[in-house]
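I am attaching a structure below and will ask some questions about it afterwards.
Letters A, B, C and D name the chains as they come in the text, with residue numbers starting at 1 for each one.
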């Protein structure tokens, strides 16, 4: 099997240029590529278009890149919980394209699967549909949405092997598998990197063909946004 | 007496049926989970990739990799299953979820809903709400009858940017239960305990349909 | 969790009426719902439209239903290896709609995912594109294809639980997961039925929400079409 | 001497590169797997849902649940991964497979290919061929230069129903290696051992481009 392993995040993101279009996995702070984000913050890559369901919080996740004004545009479904984001958006420093969450997921899935456009009912009759083609199928109205493809996709998995196969854990899966397939170059960071052949071939979520670089990340913080517990 | 938010949730829980798969929005809808009748099999979907939401975890079982769509730490139950966001919204868009319960800023008498944006204020985004309301077979809105300025949220037409059109089937507020009828209008089904029809009329800007004696809701 | 268990194939297919549209999982004879097919053969349900990648062989799989002339129409990508099929097709007893395999898989996936139409490059410039809308995206030509939805989907899994969650094995997965989602009523037969909670929630291929009825099948033959071996 | 089918497969194997993901069609293309250079990492895709095809299994390891697209029993290798047909063709359509090698009945000088249907004869169906040829970044056709009636299969235009248009990049036959050039035509790259240019010309109905001295292929 083809070996996709690189040393670390710094090496993995070294060739991401200014003004690149990135996809970043995660829902809220769950399943985000923490190591790659840190490396991009250190590298100060600027003018980025980031496709990510959320924009992190002020001091974590994509918020760290916003602090340094590395992001030119966000394509997201929900961008609350972030004061600096709000400031940049209102001042016009940051451009935002809001898209329904399911449409975002499907557009990314379409990008990886070679489907340039598809019809969805989400947003019909709302401002999301403005300027888009609408059409009736079986008595219901739909609008046409286009695929999304990124120069680089940065994904975070639980386990991965040297061939790039990935397994996600819990709800940290979210947008990661579709993004892995929709990146021209996909960089996967994993909590545990194992030799090819150790993962159950029947239980792999992302086939290695989609992953160009993989490394074992370090120091995962996995910050929790809403720690909710019940008493025993 | 008008219901509190737990009362609204408790009344909505009566709409659940055995075998339902249900998506609960953030806020009052989340509270519905506390009132699922004993012995009734209802499976809760979290659109970030889980079917089978369990109770909040105990302190020692908190897992940062297991959250709901409100970003709260949660647990799973026997038979839970995890999937990607694309698969999750495929499930939603494909009509596989029996009931969606969500909050709203405004509902119009033809079932339009506005719940994601207030022009001139910070826009947080629609999240999964547009997908949910465009796809669900059955949508119940849980909300206050009037906003904090005393303005009715049951309107002839929504004034805020829409989330979806012709989709809301039922509304439960602190004052009562309302059906959005196909020909347009809010049909009063039940009054909250001690709430008069007069009070409901005074708080409703949209067309109210009162067909017969309106019962008080029972729990 | 909701219990979806029924006793056996006979009970599971009892209400499938004549002239129903069915999806049947499998690629060749690999991963086909053997028990449900046997029950339909016994029940002699007729006038069926069958959506299935293949049409079985003369004496196994969907071929058994063809023998009894239960099938009115096939929607498939490849229908070789079946003499009786050929005879009925040439005599006009059987109608066939051939669709590229990837388009078939995607149309079924779209049916389950609420996407009424999408664009694919497969078949552009060929007779498959005749009568279909074509369109250019990013300099490449595509054609529009519509979703497929079935009255009943019959799928075969390796393991399943009482809540309807399914795990497939090897290449017997093939069309089964998409069909499970695209059936108005989905019937799953499994080799091993376990209580809800026994399957790893992270390694389930088909969530139980798609499955309305599940039963543990019996006497799986799993016939091999091309037994190819290498010496030790 | 013209190549036999193993020779064609062996010559095509020289087109493989380290790190390639490859889809091999049924027939001669399947034989290419036997000639992957030692030490070269090439991963074979089977469109029915496997990446990482291993050798045929030994008798005791035959598994009815593990077959290739030709319905042959196969095995897996370390790093193999299984997936659904939708995911498999997503992989193909999305351009993630580096090279597709397949057979053909006819190829035209602008790269059209016909390989699925002969009108008036039984139609078996296109299987995955239309998806593969419409999506692949690089397509090599492995086929006989002429059909059993002696008619050339390298034509100005295909006479049979098409599988795809403008897609074939290279052709390897028993007589030589040919590139389909963007402006149209079969550019002769190599002659099979002992095969003359004259012989190639006599067997090719489409436009043949001979730019310089054509080397004999080496293995």
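Going forward, a residue touches a chain if its C-beta (ideal position, glycine included) is under 8 Å from a C-beta of that chain, and two chains touch if they have at least 3 such contacts.
Just so it is clear, the structure is predicted and the values come from calculations on it, not from any experiment.
The set of chains touching chain B and also touching chain D is given as A, C. When chain centres are defined as mean Cα coordinates, B lies farthest from chain C.
Counting C-beta pairs in contact, the pair that comes out ahead of the other among A-D and C-D is C-D. More than half of the residue-numbered contact pairs at A-D reappear in one of the options B-C, C-D or A-B, namely B-C. A separation of 36 Å divides the Cα centre of chain B from that of chain C. With centres taken as mean Cα positions, chain B sits 29 Å from chain A. Across the assembly, chain B contributes residues 82-83, 89-90, 92-93, 135 that each touch 2 or more other chains. The set of chain A residues touching two or more other chains comprises 106, 109, 113-115, 120-121, 169-170, 202. Every pair of chains that touch is listed here: A-B, A-C, A-D, B-C, C-D.
Listed in rising order, the residues of chain A touching chain C in the complex are 106, 110, 113-121, 135, 137-138, 140, 142, 146, 167-170, 200, 202-203.
By the touch rule above, chain A contacts chain B in their complex via residues 27-31, 53, 76-80, 86, 89-90, 98, 100-106, 108-109, 120-128, 158, 169-178, 205, 222-232. Residues of chain D touching chain C in their complex: 46-50, 55-59, 62-68, 70-74, 82-86, 88-90, 92-93, 112, 122-131, 134-135, 161-166.
Residue ranges of chain C in contact with chain B, taken from their complex: 1-3, 109, 111-115, 161-163, 165, 181-182, 195-197, 201-202, 204, 207-210. By the touch criterion given at the top, residues 18-19, 21, 41, 43, 45, 51-52, 76-83, 87, 89-97, 135 of chain B touch chain C in their complex.
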